[in-house]
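Across the two complexes that follow, subunit A remains constant while its partner is subunit B and subsequently subunit C.
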Partner chain A sequence: MFAIAAAVLVLVPLLAIFLYLLIKGIGSVNIAFLTQTPKPPGETGGGMANAIVGTGLILAVSSVIGLPLGIGSGIYLAEYGRNRFGDLIRFTADVLNGVPSIVIGIAVYSLIVVRQKHFSAFSGGVALGIMMIPTVARATEEMLLMVPNVVREAALGLGISKWRTTLSISLRTASAGVITGCMLAFARVAGETAPLLFTAFGNQFWNLKLNQPTAALSLQVFTYAISPYDDWHKQAWAGALVLILLIVGAVAAVRITTSRGMMKGA
Partner chain B sequence: MTSMPPLVHVDQQRQAPSTVLEKIRHTYPASSRIPDAVFGVIILISAISVFAIVVLVAWELIEKSQLSLHQFGIKFFYGHDWDPVNDSFGAMPFIYGTLVSSALALLLAVPLSIGVAVYITEMCPQGLRAFISFMVELLAAIPSVIYGLWGIFVLAPLLRVYVQPFLARTLGWTGFFGGPMYGLGMLAAGIIMAIMVVPVIASITREVMTAVPQNQREAVLALGATRWEMIRIGVLRNARIGIVGGIILGLGRALGETMAVTMVIGNRPEISKSLFAPGYTMASVIANEFTEATGDLYLSALVEIGLALFIVTLIVNALARLLVWSITGGTARVRA
Partner chain C sequence: MGVGIEVHGLNAWYGKNLSLENIDMSVAANHVTAVIGPSGCGKSTFVRCLNRMHETIPEARAEGSVKVGDMDVYGGGSDPVEVRRRIGMVFQKPNPFPTMSIYGNVAAGLKLNGFRNRKQMDELVERSLKLAALWEEVKDNLHKKSGASLSGGQQQRLCIARSLAVEPEVLLMDEPASALDPISTSKIEELIFQLKQHYTVVIVTHNMQQAARVAEYTGFFLMGSLIEYDKTEKIFTTPADKRTEDYITGRFG
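What follows is the complex of A and B.
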């Protein structure tokens, strides 16, 4: 009885959050919201177009950094790392996964922002990229370990070199799971706000340059939510809805494109 | 390319390669030897990068907090005074806020998560199982800032109008539920954090409960136990170390939680017995004041709070992983 009540109690906030997002967000999402930049405080109207583009920019940088490093270390853990050193890396990856995002923000701030002397989309991407690595690495490892050894031995027996075997046979076989892991990591960092506060910093205007401060959807939602203006509150709900939809949309798009064609897993 | 000894033996008998290098050239055709080595190095570098990043993060934090470490020493952690104007910094109110809000979150989340895990693994109809675990996982996918937004505009008014007056009436005598009711405050932060921590604890608990062998359950049932007794004696008791690991992992998540808490806790560096009162946490003071910190000592003090947070979450996570690993043999998929 108690367990059923617990299950219901847990699902209530989830439904409540989605319901409120839909109800409050949908009224404020319009063409202006999706195409204009923010208006100065006090004026109504305007939108978050620059923040949507900024989020895309930051996520592109983070994927370029996080996915190769994550998949690479996943391959190491599964194919080479069945030893003490592998255990150390595995443990470090799990520790990195648990480091609060805001702490990573501070580290990237002092590593990149302080040296460059200005906030930038690049530093935001680096912070999110670092957060992607452990998730991707552990997922890749897990999926590669599920590929039967017979498959590897067959490939090696045909005289295929180890790197070809790993990339074209093992990783290819595990690709469905690896892609799912990458999507999870992507979805996890897409809504991150804390590390962007002092790396990407936010921006009221259009910016497409990597070395300039950049707006991000999550940052904009935060700024607007704690502001005293009703119009900005509405936009915060709209921004949150767009953010959720972008995350769900990206995940669904990857799912659809990978479920057919050449990237299809075993 | 590790297991080809027979070939080598044959070669040795036939032409007896003189050097180690020659031996390798015989076993590895030249076409794949160099690419394999290059590939191995690239993969090794990416693995080392994980380690390097953690070291680099730690090093940056230690270096940038030197100023404050030398200025205040250990006093930093029990000083009550947070006064940027006079360059006097003590982190006690933030440590208190982090500990109390996390404890509150765990207090609410632990029974719920164990309940959900028990429901999913032991009681749920087969068809509903995947759906409910998907929904719980979905809770983990909602960005922190959206929880905060929901907390400000939905949860806080709800608390202010209904929950807090009720608590003040019934439990006001304890002193934990008194004072002005803003809605925003320690209680709101604890509740929001509890919702965010449930998927972490629930998924680990589910994992370790699934790892309990089926014949344990059958044995307890065969002794005439009811279903609840079976779950309690046969499953929960066997899985307890792993569940504790999951709870500690949830604690790690709660300690470092930033955005949602910053948005609902009220952000006032005071220590108050009442849970209705606004508070402040270590993570949220960094989020709020880092970009506005004027002066090197101020910035250094904030970085020192970050360092403390880093070390605490490091220990908490290491402990949790070890406990979970000892149950599931290192295969548990841990998402936090």
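What follows is the complex of A and C.
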């Protein structure tokens, strides 16, 4: 009984947030919002198209950095990491997971932004990518450790090399869980605002260049929400709603495509 | 065709524990040889040394001479991956690759070793499944069903087919029927009897009736040593060593 009650209670905050966003935001989500850039203060209308694309750009950079590094170190930890060095990596990953996101933003600011002398989509992606690594690494490790050793032995016994066994047998057997870990990390950083304040910075105009300041939905929502204009408040709600829908959409799309690919051939 | 196996002075360790001591044994080509003995006597370790699976366990190592046909298993330039490709292994518990179809399981060893010819692969998969006496039961669901959806006995025959698909010269079986029911067990035994036409088979078993049924030669292991090795008939009727007699008459183990 308690378990059922707990499960229902877990649904409440998510549904409440989503419904509230829907009520507040849906009225301002329209074609202009999805296709136009922000209007100057004082003018009504305009949209967040540049921020939607900017978020996509930053997340692409962060995934290119965070997923391979995370999965790679997770493989190391599970298959070769039963030693001091492995323990060190595990400890580092857990600490990194606990570092406040704004601290990561400041670190990337001083390492990249200060040196390049301007804010950029790239530095924002690096900050979010760093945040993805520990989640992805630990999820990959846990999932690989759940693959029964007899499965590895079966592959080695067929004369399949160790690295081939790891990639094509162990990782593949664990793929559903690894993908879940990746999506969790992705969804988590997709809404991050603090690390982008000093890195991607935000931009009222279109930008598709990695080395230029870039708008992001989370940043735009933040800027609009603390502004004094009523119209901007409405757009902030709409931005938050679109952000959540995009994350849900991305996660669902990955889930559907990967669960279909699972049973094919070898 | 199968090849013979010559073992000389084989020692194996787990960490500092010597678990196999100075084993000498020669296994005849195209025959079934059984390895029997009580739990912990080193019989599984012995077969795992033959294809260098023993060393995949952390801190485990082996020394000595093992020759399989013309291949020097522990020789200087020998590659354990190549050794294992030529010496197939079937394990105690059926262990199909859970995310792969039946076809995928049988073809895995070929595909992951870079084999690309689709038509030849189809033929090899069919031949291996037929040799493993599983073809009739699965031929309509090769791609549709996962290997893990089969029954335990079918899974074990799938694992045998998977080993055969890479065309080994020797097949090692580590208690292949101990997790199966009597009907599945008899199917596997029948299969082992067929397989010796093409392969040399070494089977570990703690079931003495099974050894008597399937093997021409039997070796009795006790506490890491090979106590007696002879024709199966001789081992089970007139063993030379008192300890062998005690074991087969059920006085211990």
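Operating definition for what follows: the second predicted complex is superposed on the first by the 245 of 266 C-alpha atoms of A that agree within 3 Å, B and C clash if a C-alpha of one lies under 4 Å from a C-alpha of the other, contacts with A are read in each partner's own complex, and residues count from 1 in each chain.
Here is the rule we go by: a residue touches a chain if its C-beta (ideal position, glycine included) is under 8 Å from a C-beta of that chain, and two chains touch if they have at least 3 such contacts.
Model, not experiment: these values are computed from the prediction.
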Subunit B versus subunit C as contact partner of A:Arg82, first or second or both or neither: second
First, second, both or neither for A:Pro148, with subunit B first and subunit C second: second
Contacts of A:Ile112 with subunit B and subunit C, given as first, second, both or neither: neither
First (subunit B), second (subunit C), both or neither touched by A:Ala32: neither
Subunit B versus subunit C as contact partner of A:Val53, first or second or both or neither: neither
First, second, both or neither for A:Leu156, with subunit B first and subunit C second: both
Touch count on subunit A, higher of subunit B and subunit C: B
Subunit B versus subunit C as contact partner of A:Ser168, first or second or both or neither: second
Partner chain(s) touched by A:Ala250 [first = subunit B, second = subunit C, both, neither]: neither
First (subunit B), second (subunit C), both or neither touched by A:Glu192: first
Residues of subunit A that lie at the interface with subunit B and also at the interface with subunit C: 156, 159-161, 164
Complex contact set, residues of subunit B against subunit A: 1, 29, 31-32, 35-36, 38-40, 42-51, 53-54, 56-57, 60-61, 63-64, 111-116, 118-120, 122-124, 132, 135-136, 138-139, 141-150, 152-154, 195, 198, 202, 249, 252-253, 255-259, 263, 283, 286-287, 290-291, 302-303, 306, 309-310, 313-314, 316-318, 320-321, 330-331, 333-336
Parts of subunit A lying in touch with subunit C, wherever the complex brings them together: 82, 148, 150-151, 153-161, 164-165, 168-169, 172-173, 175, 262-266
Of subunit C, residues touching subunit A in the complex: 51, 53, 56, 58, 81-86, 88-89, 91, 93, 95-101, 103-104, 107-109, 111-113, 143, 146, 159, 162-163, 166
List of subunit A residues in touch with subunit B within their complex: 2-7, 9-11, 13-14, 16-17, 20-21, 24, 68-69, 71-73, 75-77, 79-81, 86, 88-104, 106-107, 109-111, 130, 133-135, 137-139, 142, 156, 159-164, 166, 184, 187-188, 190-194, 197-198, 201, 218, 221-222, 225-226, 233, 236-237, 240, 243-244, 247
